[in-house]
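Lettered A, B, C and D in written order, each chain numbered from 1.
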Amino acid sequence: MDYFKTRITRMEIPARDHVILWFRGDCPVEGDPGQFVMVRGNWGAHPILPRAFSLVEVGKEGAILVRNVGEGTNLLASMKQGDELLVLGPLGRGFSLPSETGGGVALVAGGVGVAPLVFLAQRLVDKGVKPVFLYGARTGADLPLRDHIDEICDLTITTEDGSVGEKGLVTAPLERFLQTNPTASVFSCGPEAMLEAVARVSVAAGARCQVALESPMACGMGVCKGCAILDAAGEYRYVCSDGPAFESVEIFGREP
Amino acid sequence: MSDILAVQLGPLRLVNPIITASGTFGYGVEYADIMDVSRLGGISVKGISLEPRAGNPPPRVCETPGGMLNSIGLANIGYDAFVDRTMPVLRRMGATVIVNIYGTSHDEFAELARRFDKVEGVAALEVNISCPNVKEGGIHFGVSGKSASGVTRAVREVTSLPVIVKLSPEALDLPDIGKAVQDAGADAISMINTFRGMSIDVETRKPRLGAVMGGLSGPAIRPLAVRMVYQVFKAVNIPIIGMGGIACFRDVLEFFLAGASAVQVGTANFTDPTIAVKIVDEFEEYCGARGIHPADLIGKVEIQEVK
Amino acid sequence: MSDILAVQLGPLRLVNPIITASGTFGYGVEYADIMDVSRLGGISVKGISLEPRAGNPPPRVCETPGGMLNSIGLANIGYDAFVDRTMPVLRRMGATVIVNIYGTSHDEFAELARRFDKVEGVAALEVNISCPNVKEGGIHFGVSGKSASGVTRAVREVTSLPVIVKLSPEALDLPDIGKAVQDAGADAISMINTFRGMSIDVETRKPRLGAVMGGLSGPAIRPLAVRMVYQVFKAVNIPIIGMGGIACFRDVLEFFLAGASAVQVGTANFTDPTIAVKIVDEFEEYCGARGIHPADLIGKVEIQEVK
Amino acid sequence: MDYFKTRITRMEIPARDHVILWFRGDCPVEGDPGQFVMVRGNWGAHPILPRAFSLVEVGKEGAILVRNVGEGTNLLASMKQGDELLVLGPLGRGFSLPSETGGGVALVAGGVGVAPLVFLAQRLVDKGVKPVFLYGARTGADLPLRDHIDEICDLTITTEDGSVGEKGLVTAPLERFLQTNPTASVFSCGPEAMLEAVARVSVAAGARCQVALESPMACGMGVCKGCAILDAAGEYRYVCSDGPAFESVEIFGREP
């Protein structure tokens, strides 16, 4: 973990309301898929808290994919190349990569949850493992990094309105995949309801599933105890230090 | 490290007056990678209770204009784990450790004080009678002079460590509370803890904190904190450790001028985890350039008598 | 103008629940050029005293993180000039006038209430027992249940106008004060007035306000105000007019969900003098689109019982 | 008085730490010299108060001259052409133009106080009155609009470090001018200590002097009573509604 000032070296708008910020250059962040950084622009008094973003590697360079949902992400989206970023990271525990991938690997992304999974796909491909990438969104305009994924692995898209790919939820292609690959490793990131469904489907099929969670954060490094979530055993776990990646059974339990 | 900023708070000597505030800097050990925590005047660790505490239901933090709300609920590893596992690391790191203690009764406070008295490497106790996020104890001890002095006395009687009592901004007459804890034997006062606030997500209609209410901290409360330090400074003779919304070195000066002899940096650690050591550097430069000492600034706000 | 937002606050009916807060909208007449003030639910005018008041030494305002401090000191033109010169203009403009009154004693409050009772075009009285910027009266009346109900009763006895009592956030137990003024005959409660704060210019070492301390208002205090409205709502049966840091329509919803039946917009008038009528428009659109009425929102925050 | 959204039509940096923002275009502000506007960018929650700036006319177009001294002026200085401005104005009472200018007119500016006086110079010139313009600054780099003034009237510069023009304070050329023009009209804007000196010198010579004052403001339109200053009689006056332009004797009295 390190804390440093860096500059935005490049920006791209990969889909409406999304922006990719590259900041590698002078910046020592080297993390694992599922790890994250706390990021802030040099914007004075308000907002005071940095924001959490998963590390991505796009074009072999460190980056973050930002979905514009509120005050902080708006400010980030309106920054320009050369502007200063304050970055703390890499933070948290990423996905634990399976030593054994014979059963197949499925990456299941919902919305901006695509970020850590693109990174994971890249790492897997680098290791010679070809995952299948299942990517769900509400509509076809909300699929950042889609082309990038398409280039490196097998991509199946689902949209709720059917505008691109299969109409419906991403759990449908996952269920089909698990029918033929019941011992696969599943990795998922996205809205909590989706994660729960993915976990249920995977556990039911007998697959191992890891999920990357989100929670409002202040410090990102385990000191404030702000990012608590309740796990399946009724205990508090901390997304920033125990996660963001968890075994799905720890969070959602074994019940299908 | 020079002595140019060293301060004496009653029996407690610190290499400089910049302390990280309880609950915003963990146990200090988490920062080993990014800074030398021995350069800090002190670290007030996350509030410690006799037994571990799990804390409040999530969400526990949310941001508000110029500040944040937290409802952590004093989640902590408890006395034993802290002393057995954390203190050795802090000693190795050369940190000046101020232990923030929390109990639900006079007896619990006293028991904690008694136990910490014998722990090597503890520089002082900070008695938290002002946590707004717990059902028992907490803020209720801090808003009446009688209960505030009761807790102070209970702690004072069983420890020879410097005793700092941390006040709540919600008390009606803070100078009175300040005097009460001074008379009960406190060596210093730290102030302020957070104010209870609430924020509602108008889309979901749910409170943005699982515990409904939480404590407001950050720059938003700075004018309130500065006012209170100024008022208490005029009422007591023991040193005041000021805090509430300090975000940069200028803010530290503001608290000194109002009457603080040292300060704590809280929420700003989240904005920039290295802010406290940066402030130490700036303070050193400021005092060096002017040939002054932090003590020369205490309470030196210039008030023109209003006719 | 449709009735879709009309609200009933005890005996007081307003075309909509958006009121401009006392001291932040002058006497209302100043806005003739830029908006139609009759579109507002009401205008709470600058606090009026029996005699004109010159106010406090400058500087009187300064900005703080997410808010501002003011130490105006109730500078106002006094009862006679207000009634003779301002009220006729307000009547012509069709404004709903809530007169904010300030006295240094029960007698002065009662005298003001008695006199205003006969003034045409006054819709209600707002009794300011919470001004932090005056030496006599003001906040001191507002922080104890006994004095708060004393003032309320004194006013209640001499007027048939709706009586709104404006509470101070500095009271230790606000629900208690709320109940006290309710029992003393208040028709509604407005809350909150400002918190005393202080800011020091570290270059000059002088307070940034001539009166040293001033009242903190603006978004910075919103979480505190929302919490207090929520607490008082659970304790009283009379309607609450909520305020403190409202800067946009979403903030209005937040206060309604916490328990407010109407709101006042204060500091935000300085940010945008037309903000209050814009909020009326947005509120109309919101309720129209959902087929709901403001009253359907009051106190509707969804609290999950915490085990 | 009006309140409106407008856009920055042009920007220029006339001297270090200064920027001129033009916003006329769709904007109905038409004011008199000495009047001001309350201005804010569309920058969200903080800072919440608008800032006061004197109206200027530069190149026949409405503008403000901003000296970068703090948070709000920094934000304004970092805006770009096309960005939104929120403007309330014209506000306050400007200078009252002398009906009789036979005795001569001196405009005495200190620092950014130059703004309303440039505007006044332009109006006077348009009316066929040629003022002398006395312009003081700490150093030669702090003289925005200097060339512009030079073009329209007689300009004398003083700097405290002597880097440009006469070394010393602006009261020196004023005293010389008043020796030959004792019944002149003097208009001044700048730091308070300078205004007091200008007033003293003018009153001593028998000239009529008007000064434009500043004071921290919240509303700018007479409602908050925040901008009080103490006048010579010990009464409070409001800069935004009684001023900003006052007869110097009202503020500083008649004593020399």
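Please note the rule applied: a residue touches a chain if its C-beta (ideal position, glycine included) is under 8 Å from a C-beta of that chain, and two chains touch if they have at least 3 such contacts.
Note that the coordinates shown come from a computational prediction; the quantities given were computed from them, not determined experimentally.
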Graph distance between subunit B and subunit C, where chains that touch are linked: 1
Rounded Å distance, subunit C centre to subunit D centre (Cα mean): 36
Whole-Å gap separating subunit A and subunit C, where each centre is the average of the chain's CA atoms: 47
Contacts with 2+ other chains: residues of subunit A: 45-46
Sequence positions of subunit C contacting 2 or more other chains: 57, 65-67, 218-219, 247
Pairwise touch network: line, ring, star, complete, or other: complete
Residues of subunit B defined as touching subunit D within the complex: 65-66
Partner subunit B, residues of subunit A touching it in the complex: 1-3, 40, 45-50, 86, 88, 215-219, 221-230, 235-236
In the complex with subunit A, residue positions of subunit D that touch it: 44-46, 71
Contact set on subunit C toward subunit B in their complex: 56-57, 64-67, 69, 143, 170-172, 195-200, 202, 204-207, 210-213, 216, 218-224, 226-227, 230, 245, 247, 250, 253-254, 257-258, 300-304, 306
Subunit A contact footprint on subunit B (complex, rising order): 23-27, 30, 33-34, 46, 54-55, 57-63, 65-68, 70, 72, 75-76, 218-219, 247, 267-274
